[in-house]
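Each of the next two complexes has subunit A plus one other chain: subunit B in the first, subunit C in the second.
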Partner chain A sequence: MYLAETKMIDLIKQQFLYKVKANLGFFFSLLAVQSFALLLSVNGIMGMGTGGPYLSINVNAYSNDLIIIFTMVWAFTIAVTLTTKEYRNYDFTFVSNRLTSNLSNILYLGSLALFSSVTAVLTGILLRVILFFSKSDTILSEYYFYISPYELILSIFVITLYILLLSSIGYLAGTIVQLYKPLSVILPVITIGLLIVEGRRLGKISAYEFFVQEPSLFLFTIKTLLVSSILFGCVYLLSNRMEVRK
Partner chain B sequence: MATLGFLPIMIILFIVVGLFFLQRFSHHRGVRFLFSGYLIILLISLITFYLLPDNRLSKINPFTSSINDDVEINKFYEKAIRGQIEQLEDVKVREKWEFEISGDQLKVSEPEEFYTTYLFERKEENDHKVEIFHYASESLVDLLELKDKHNFTISLEDNVLRMKGPDPIQIKIAAFKKDFVINQFSSSKSNDNYLNSFGHLEGNQVIYIRVPKDIEISSPHYIQYVGEE
Partner chain C sequence: MIECKDLTKTYGKVKALSNVTYEIKENTITGLIGRNGAGKTTLLKTIAGFYHPSSGEIMVLKENPFNSMKVAANMIFIDDQMKFPPALNLSDILSSAKGFYVNWNEELANRLFQYFGFRPKQSHQKLSKGMKSTFNMIIGLSARCPLTIFDEPTTGMDAAVRKDFYRALLKDYIQYPRTIILSSHLLNEIEDLLENVLLINQGKIQLHMSVSDLREYAIGIRGNENLVENQLIDKEVLYKESIGKDSLYAVIKHDAGEFSVEKLKIKGIEVTSVSTNDLCVYLTSNEKGAIDDVFS
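So, the complex of A and B:
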């Protein structure tokens, strides 16, 4: 028993390290996505102006939100990509079963979540530094300009959880689609359709309220971890039904 | 909002196309070099950020948590017309003039683009002096210490009072919104979302013209006296 367990952990480790090395393209696409979001954010996300007779004021508002959202969508896409045939078959270059393959993928997605949230937050800092040194004719408001080290770590933590959640959704969706291809169309249509219907009928989206409007950090952490674990668990149950190298 | 809905789709397309091309180049040394460069830039910006001097930052907050500018404006003019302008806390005399006047007539001349309300107040006595006060509520002009560049020009010659507003100033402000991931859990939630009213930045102003008791005033516009509603 002891021997087998060690072997499994070694296997997961091996597969994980292999994934990090083999998929360097993911990191590069993260760079591309975050630079693109940075580029869009440098000009401000919204602007307003007023032209009084003696005083005309132009205000540009900046935010990290776009960078964070881009990173989240990136993570979702990566999670789906990992379930495609090409990537799944990587794992069978090693002695492997569904469990180690899934566990190494989850480990990999978790590390990507942490890494991408760190770079997302740091890109937000880069945005602030760029604005500080450019735009010499503009007055910079001190409100929310500074991010304390505590807020920095809080941001990284929260974004990691959000990304983990989105990755688990993407990973599950990808796996379902691998089981039955036509679902690749049906699944998004049903999901988006239901969201629209719920939004129209009830004027709210419960999934959004459940996570985004949760004011307690502790509850938010529990909720995201629990839901991601359930989703990852579903993937394991589903993929057990797959043939090897399907 | 319509364009925002397409944003995720655009990002996904962007990533998928990007991944397709990158698969071929991902082991290229240039890619690793570029990526390490990106990480180094991020680290440098982090260190720079915490060493930034704060002299470039201003206390101006362009966001408003509610749109109550109309209320503020109404309160300001109500008080001004009643002659109680000094009761308002953030209102100060920004400029002051005093002119000697002879004769019993005062003619007001203002250029077409004069937008500030002016009110007359008759003094108790005939002291042959016209005193003018420019009251202003706190605004960007105070915060940015632009008072010297933002003056009214008022003169009185041959019983003609000439008033001219300040030269227009253009001010550009950049401000950060609180990140939604921090805002979600902070005890003091920021509702600073509105950028659609700048009344609190522009401030309100009024000109009080105190004239001797028996002087006759002529103006191209309606003459509003303090205390007269």
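So, the complex of A and C:
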């Protein structure tokens, strides 16, 4: 009998391709989410106006923040979905062990982060194009309207990291909930509760300060990658003894 | 191929398997027989590395199967609970499987696929129970894994498909020998296929022997109640049933040379062989008596 000697790296590649093929629906949901966010963004996020007898000024601010936030929520949801029993069992239908299943999931989430970041940034450009044509009678602030290739690459990079971070949080949260179902209620309550308490007491949210207000790109990259890796590592430790195909 | 020592698996306080010890040799077909809830699936899923034993040791291909790459790559586990992503149709699933199993036999897969009348664009979720089982069986056979586990593979299949499946299994096994474990509660259907039987009852191994030994394990005697009762003294009685007014049928363990069939026949006692299926039922019957007692 010829025993197969499968290399781990080949298996992870195989599982990754299988996941891409099996979860094409995720891309449609991304399209839907980003289209919806675009629709909401077209009206502007802030508007103010002032006027006198001869002159009136209306200032409207538009932003693709909403698109990015929606994409982050989407990534979080996808990460949680991947931890559900059903999705784990899809892996174990064919060749898999807990390590390769997790690694291929992380690889998959990383690719989704990059992909959705690119489409989020491009949706932001689409928003600019829509505004350019629909508001042809208004003056557009050139400083914010045009975006240099460097800025474009930079936004894609930073947003990818944010989405990856959100995915890792979702992946860990999902795994914890799988281990103990009542946590699906307790966990969000505690998290949101703590954020509110911290925000009220101290007037700041440390997680926001830690990531969003980090001025150095290098440090931000290190921070997000490190935290995501730790969270993914926790998942591996938690799922390492998890029984499958129950 | 598989060595198991003092394996115990508990769910909370319930013992699904208790101190199970056995060995399954390479390139044999073993039938895992037991009643509902006897621990068949638990045992198989522990072999597959899906479950973690509570205590004891299990070695598959000389490795602990839990998280073993080697076992994962050389093992396939087929049951009616197999889940496939809904986005994939049947032919997608087959081509995915091809990527995962190095020994995958595409020709066999396609031929079986056509023979059983599947259409490539069908969705696995929408198949009937029997069709699902048939499709899963195609994957199990075509993967040609050194260790192939079928957990009640014939669930929902009609008699003709079951027969075809057993035949396909045997033919492919002869062409490409491998270790196959087949769990079922219909021993009479598969006994011609099997080399060994592993009978499991309430989490314990009742017996593990070759099918030919099992066929001679016990004999049935039937005759006048008193005459038969006399014969039962000092014998291991596996089953007893009154027939008619004063007739008794008993199944006793067959110890070679202890009594001659001729002598019994002269006394007017009929000696019959016991089918393996009935024997397994008798061996695994619970102490609470038969179903008749529920109604009396």
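By definition in this document, the second predicted complex is superposed on the first by the 239 of 246 C-alpha atoms of A that agree within 3 Å, B and C clash if a C-alpha of one lies under 4 Å from a C-alpha of the other, contacts with A are read in each partner's own complex, and residues count from 1 in each chain.
The working rule: a residue touches a chain if its C-beta (ideal position, glycine included) is under 8 Å from a C-beta of that chain, and two chains touch if they have at least 3 such contacts.
Everything numeric here is computed off the predicted structure, so don't read it as measured data.
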| item | value |
| --- | --- |
| Which superposed partner A:Asn97 touches (first subunit B, second subunit C, both, neither) | second |
| Which of subunit B and subunit C A:Gly203 touches, first, second, both or neither | neither |
| Chain touching more of subunit A, residue-wise (subunit B, subunit C) | B |
| Partner chain in contact with A:Glu151 - subunit B first, subunit C second, else both or neither | first |
| Touching partner for A:Pro182 - first (subunit B), second (subunit C), both, neither | neither |
| Which superposed partner A:Gly25 touches (first subunit B, second subunit C, both, neither) | both |
| Subunit A residues contacted in one complex by subunit B, in the other by subunit C | 23-25 |
| Contacting residues of subunit C [partner subunit A, same complex] | 26-27, 45, 48-52, 61, 67-70, 72-74, 77, 81-85, 87-88, 92, 96-97, 99-103, 146, 177-179 |
| Subunit B residues within the subunit A interface of the complex | 7-8, 11-12, 14-16, 18-19, 22-23, 25-27, 31-32, 34-35, 38-39, 41-43, 45-46, 48-49, 52, 54, 56-63, 113, 115, 139-141, 144, 150, 165-182, 184-185, 190, 192, 195-196, 198, 201-202 |
| Residue numbers on subunit A that touch subunit B, as the complex places them | 23-29, 31-33, 35-36, 44-48, 50, 52-65, 68-70, 73-74, 76-78, 81, 119, 122-126, 128-129, 131-132, 135, 137-145, 147, 151, 154-155, 158-159, 162, 212-217, 220 |
| Of subunit A, residues touching subunit C in the complex | 1-6, 8, 11, 14, 17-18, 21-25, 86, 89-90, 92-100, 240-241, 243-246 |
